[in-house]
Amino acid sequence: MDYVYGPGRNHLFVPGPVNIPEQVLRAMNRNNEDYRSPAVPALTKTLLEDVKKIFKTTSGTPFLFPTTGTGAWESALTNTLSPGDRIVSFLIGQFSLLWIDQQQRLNFKVDVIESEWGEGAKLDVLAAKLAADTDHTIKAVCIVHNETATGVTNDLSLVRRILDEYRHPALFLVDGVSSICALDFRMDDWGVDVALTGSQKALSLPTGIGIVCASPRALEASKTAKSLRVFFDWKDYLKFYNLGTYWPYTPSIQLLYGLRAALDLVFEEGLENVIARHKRLGQATRLAVEAWGLKNCTQKEEWHSDTVTAVVVPPYIDSAEIVRRAWKRYNLSLGLGLNKVAGKVFRIGHLGNLNELQLLGCLAGVEMILKDVGYPVKLGSGVAAASSYLQNNIPLIPSRI
Amino acid sequence: MDYVYGPGRNHLFVPGPVNIPEQVLRAMNRNNEDYRSPAVPALTKTLLEDVKKIFKTTSGTPFLFPTTGTGAWESALTNTLSPGDRIVSFLIGQFSLLWIDQQQRLNFKVDVIESEWGEGAKLDVLAAKLAADTDHTIKAVCIVHNETATGVTNDLSLVRRILDEYRHPALFLVDGVSSICALDFRMDDWGVDVALTGSQKALSLPTGIGIVCASPRALEASKTAKSLRVFFDWKDYLKFYNLGTYWPYTPSIQLLYGLRAALDLVFEEGLENVIARHKRLGQATRLAVEAWGLKNCTQKEEWHSDTVTAVVVPPYIDSAEIVRRAWKRYNLSLGLGLNKVAGKVFRIGHLGNLNELQLLGCLAGVEMILKDVGYPVKLGSGVAAASSYLQNNIPLIPSRI
Amino acid sequence: MDYVYGPGRNHLFVPGPVNIPEQVLRAMNRNNEDYRSPAVPALTKTLLEDVKKIFKTTSGTPFLFPTTGTGAWESALTNTLSPGDRIVSFLIGQFSLLWIDQQQRLNFKVDVIESEWGEGAKLDVLAAKLAADTDHTIKAVCIVHNETATGVTNDLSLVRRILDEYRHPALFLVDGVSSICALDFRMDDWGVDVALTGSQKALSLPTGIGIVCASPRALEASKTAKSLRVFFDWKDYLKFYNLGTYWPYTPSIQLLYGLRAALDLVFEEGLENVIARHKRLGQATRLAVEAWGLKNCTQKEEWHSDTVTAVVVPPYIDSAEIVRRAWKRYNLSLGLGLNKVAGKVFRIGHLGNLNELQLLGCLAGVEMILKDVGYPVKLGSGVAAASSYLQNNIPLIPSRI
Amino acid sequence: MDYVYGPGRNHLFVPGPVNIPEQVLRAMNRNNEDYRSPAVPALTKTLLEDVKKIFKTTSGTPFLFPTTGTGAWESALTNTLSPGDRIVSFLIGQFSLLWIDQQQRLNFKVDVIESEWGEGAKLDVLAAKLAADTDHTIKAVCIVHNETATGVTNDLSLVRRILDEYRHPALFLVDGVSSICALDFRMDDWGVDVALTGSQKALSLPTGIGIVCASPRALEASKTAKSLRVFFDWKDYLKFYNLGTYWPYTPSIQLLYGLRAALDLVFEEGLENVIARHKRLGQATRLAVEAWGLKNCTQKEEWHSDTVTAVVVPPYIDSAEIVRRAWKRYNLSLGLGLNKVAGKVFRIGHLGNLNELQLLGCLAGVEMILKDVGYPVKLGSGVAAASSYLQNNIPLIPSRI
């Protein structure tokens, strides 16, 4: 199955699944274990404690579902809502679209607040809706923190402020798939009721754990939520938490040890340093794009994402051709433009366990590809812009000082 | 996290998750990849083709859900049935109990046909129900092929014969979690409509893929089934199958390569040889149990399972103590007795990538533990009974002749 | 290259290379590193400190040569002796024979003291030689602590006593390849001048590190020893030890991290517990051999080896056929009889990271093979003898109490 | 031991040990095996056949010593020469210096032909010596193909031409440590008598195999060479080659499987494509150095090495500080200047399993470091020079067309 072999490392710059550090690969290189032995619950206990730190919550209850982000979405919705419930949801790109599709198929009544792709969530429309909803028919507000398709980050603190302003009791549900553990995210401070992410994103693991974190209000809501659910039901997990055995069904032993290693790396670097590193990589990427004379899909600076940059190509270029060439000639994996922006943007993921020189290698590759496809880029220009910024801002590696 | 370290290999004899062969661990020891590159679909295509072989189906459509067996159950049910549908389900042990619990929570009307734990499914009661159901209100018959809690294997060909006898159109849904790829299982021959298994069982992978295979009738049923579903919906997969990209959301790259390696091993050994090996290991285990003077939880020989043996201990012994000692003193992982048989049985799993000498080491361990806990076993008796049988029946390893 | 695939684990019971624990495999699963960075010397420093503990020396200086046991022998000899030097060397089996062959080819004048294979070193002959050597023409006494070909362990404390008795200044050189870190070995207490082992033996690593430990007297001797040497020269290492960079040429990064993990496991279990475990496994094996009615190649109990047992087969059986069948039918790797005992003995290695149930699985396999080849063994008899002993003697795993 | 952890990949650009591809890491992730089973000889046989291809020899005999390059040197010398033999050896940098040191310590009479560091071997001096040596007292000519300390590649075809011109029977011994399998090397065409390399260089494995290849003349010479040797003796290997068991002592099982994978990758890419890739990476590096306004340590273009570039820094900069900063701030491993060029050069290794974007990331890093240490580099200039060349010259990855 290595018929696609190319020499050297694959340069993985899709916005997930991302590069797995060797420490995590090592931790996962192991036989199965009996998950009912004392060892696995003891490990699980540390994971549940430590996962809360990356959500910045002390009151939340985390769940480690053997699933993907899509499953985590489903768990968030079905545990807190009942069919027919009215919810407000922001459509700003492909992943918010998919979540909304799920919300509708699960029989919720969704008020969709749509933005142009490349713009952030229209929070003023939310405010208006909440203001009008004096009966509190809106049961939840759903928002994607960082829209991976367009590289747009929404300001969640504003959502909370609006909810508070109208003293609205709607639950606040957040897709943090491409943000948590990479961008500034504060579950408790922002009063988020359910937040979720996937193991293959900022945590830099393989796909396979959908991490869902529920506030006390969300847990309370789950007691009466009528959406049918079994696999994704929090109740079964809570039962086994109380028993101290933690697992209603078989977890992936390898991913649990991998998660342990991944969390250890985050804490060794320091969560704030991790976030700062993502800021640095995001800014460097944007400077390169600017130097190339290309536009960021994100329309305003306030929405700029530090985990993924969607780059708009000129109309005479098919961005899918850029992605194809990247893979075929440079062993570089870039993100396609999806749905409305297919052919129009390509995406550079810069999240997870990644450093500056890896990014600069990617940027140098993108420059060559742009030239390949006929865009008159000055080779080295983006790298120069990025490295000028980085050379001033990269800290020493703490453990090596 | 190795605070539970003991010298030498852990002897893993729970009936799942089972021992992972080195070839599979090697295949999984890899970085993430872009699942939208040409490589992952090409790999996936081979997996879908080859997975059908272990279900013995040519007309079925397989799905590789990033989930566990519990999720695979949910996918089987929600894609083929609508809330309120009447189904018949056999309760013969803990796992059939859990599936029935799921069926009820998903709002199906379940006719439960209960057996004593240790007995097989009461197929005569099914016959009576089908005979009486001239209006065809029964939409599905659900059965666990091999009940992992009691070591009981049901004869699925009889279920099909009964359905045919009454020309009943009910769908035939089978949990093959601890049977498929280890016991004789024939999806097409037996007219099974949905069959499912989990990667951590006979395929000897980590937990994380719930394999669901649907007959054409089941696919047809899924078009009108009204159970709400998104993550587990076959429709989304079928859409991407048609596109040739295969994945509606991110799969685990590592598990896909692992599954490739696991299937290769099965085909290298030969599926019929794999099944014969399980028969051999099952028979050897039962002979040991008999030699110890203990009873098999399974009440009749026709139900004997070749993947797990539940051993009944004398009333003055707590079987949980046997499992504890196995782990604490011998680095041996045995299965607990669950629910109704808690304390009364312990279980020896003998499925997956396992050979005779591994099993004999386990049996020698069990003998010592039995003595530890006060059962007057003759040390060596079970090993002698098992090895007398095995010495006459182990074939040469084909690749080494 | 898996054309020799057989289902389940290979049962590796040759007396080296031995089973590698998962912890060590994990530690070695890594990319290369710059060995001149600060990280590798820091790691090396801990290894050199800790390796001394398994030699039970505080005054010795260890060297981690990228080589095998044969290379370690060469290093021991060429650093301490000059061509033409007279040495006394014991021939008691294939490995002492090979070492003597090396000694002769390196132009030392070797007084060979030969024993029957299966017997220990004739220490009385040594005493006589030393007594006669009032001019101290004997420069070194070379002895294999544990002869892997016959399963004979020599009593090194007696060698020291004899040397002391005659106040003889000869250097005391010990091959501890299949003893150190498994049998009781005390470099300082016994006044050993050079001791050596290989990574693939009791330390349970891959082949690739020849560990040589030199006493202060040996280091002193190396200053004047005239044997030509460069790769194996201690001088170059000592130079780099002083510089704090440790390596005169490129080491295997993977083996260094592997050695770190291996040492950690030894210390976690406790070196004395490791030695006790080997005693237990050795005794259990011997009891099984006795129960089968077969003879141990080792002629007296005092020489019994706790790391390898050479089993004598009846004259009508070719022991090589036993080894072949073990591999072909049972996925069991046993040791061949070598040289003088070829065809006459097969060997069961029981050293390294191994536990009791692994050994019992092996013994059960040997019984079946014995029957295969026509020896009238009672199946289960050896296992019963071994497990009767073990059941009384296995301690609880400390970390699991 | 991960206290030196930095986020993201380590950028390994020392000229060995080099990056190990995942395919090789996977192949090596395995337990030990009995090297006397039929499997290991069968594997070894394929390795010996295929290793000849990377030496471009059909008449040569390869040996896979469990050692490093230093050991391979020793094997080449001691098997072909006798103490006191006169040899000619070129001193052009640190590694040729170390080899000469070894030659002298092994008691050969070495005519050293010294060049300035940065210059190639003075072949005219060789010609003069050979012309004068009508008695054929010179037994061997020793040359380092590619001097890793200075980035100088010697033209071996000229050496052969000179030897032929004077019809001189001296053996032609070549250190190909940093050339074979990366640079054009032709053992048979150039009449090389012993060539050698190490696993951790172009083959991209861990350290641990010293590969030595002997011509028929060299084998003949080994029959009479009087240098003492055992571990490094070809004779023992040849004996076991004849027996078909191949190994006189225990090899590293893991490295054998790793070598199999490494050779497979070379053949999949195509040896000529591997060499072309190294040319491309070498040229790109030199263009970057030129763009930075720095000098290549190599004095003439004809000597430019395609596997390592030694970059001369201005006198006011300490090149060791560049290497330190690379590691401390950028997770980049560069090569130090050694001995005569310590502090004056730093080295960029570009050999082994490496691709263009990896190199460009490294070059971008070097630019930032140069700025860090006060050299007035224009950021992006080197990357632009390199990528302008590369963008015109990188082929599509054959397996992905």
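Note that the chains are named A, B, C and D in the order they appear, and that numbering of residues resets to 1 at the start of each chain.
We take it that a residue touches a chain if its C-beta (ideal position, glycine included) is under 8 Å from a C-beta of that chain, and two chains touch if they have at least 3 such contacts.
From a predicted model like this one, the values you see are computed outputs, not experimental measurements.
J.: Moving only from a chain to one it touches, give the least number of moves from subunit B to subunit C.
T.: The fewest touching-chain steps linking subunit B to subunit C number 1.
J.: Which chain has its C-alpha centroid farthest away from the centroid of subunit D?
T.: Using the mean of the C-alpha atoms as each chain's centre, the farthest one from subunit D is B.
J.: Using mean C-alpha positions as chain centres, tell me how far subunit A is from subunit B in Å, no decimals.
T.: Roughly 34 Å separates the two chain centres.
J.: Averaging over Cα atoms per chain, report the distance between subunit B and subunit D in Å.
T.: Spacing between the chain centres: roughly 53 Å.
J.: Scan subunit D for residues touching two or more other chains and write them down.
T.: 3-4, 19, 25, 29-31, 38, 327, 400
J.: Which residues of subunit C touch subunit A once you look at their complex with the stated criterion?
T.: Checking each residue of subunit C against subunit A gives 22, 25-27, 29-31, 38, 400.
J.: Which stretch or stretches of subunit B touch subunit A in the complex?
T.: 1, 3-4, 10, 12, 14, 16-20, 25, 28-39, 42-43, 66-71, 73-74, 83, 101-102, 105-107, 198, 200, 206-208, 227-233, 248-255, 257, 260, 327, 333, 335-336
J.: Which residues of subunit B touch subunit C in the complex?
T.: Listed in rising order, the residues of subunit B that touch subunit C are 2-9, 11, 19, 21, 23, 29, 265, 268-269, 274, 277, 327-332, 353-362, 364-365, 367-368, 371-372, 378-381, 383-385, 387-388, 390-391, 394-397, 399-401.
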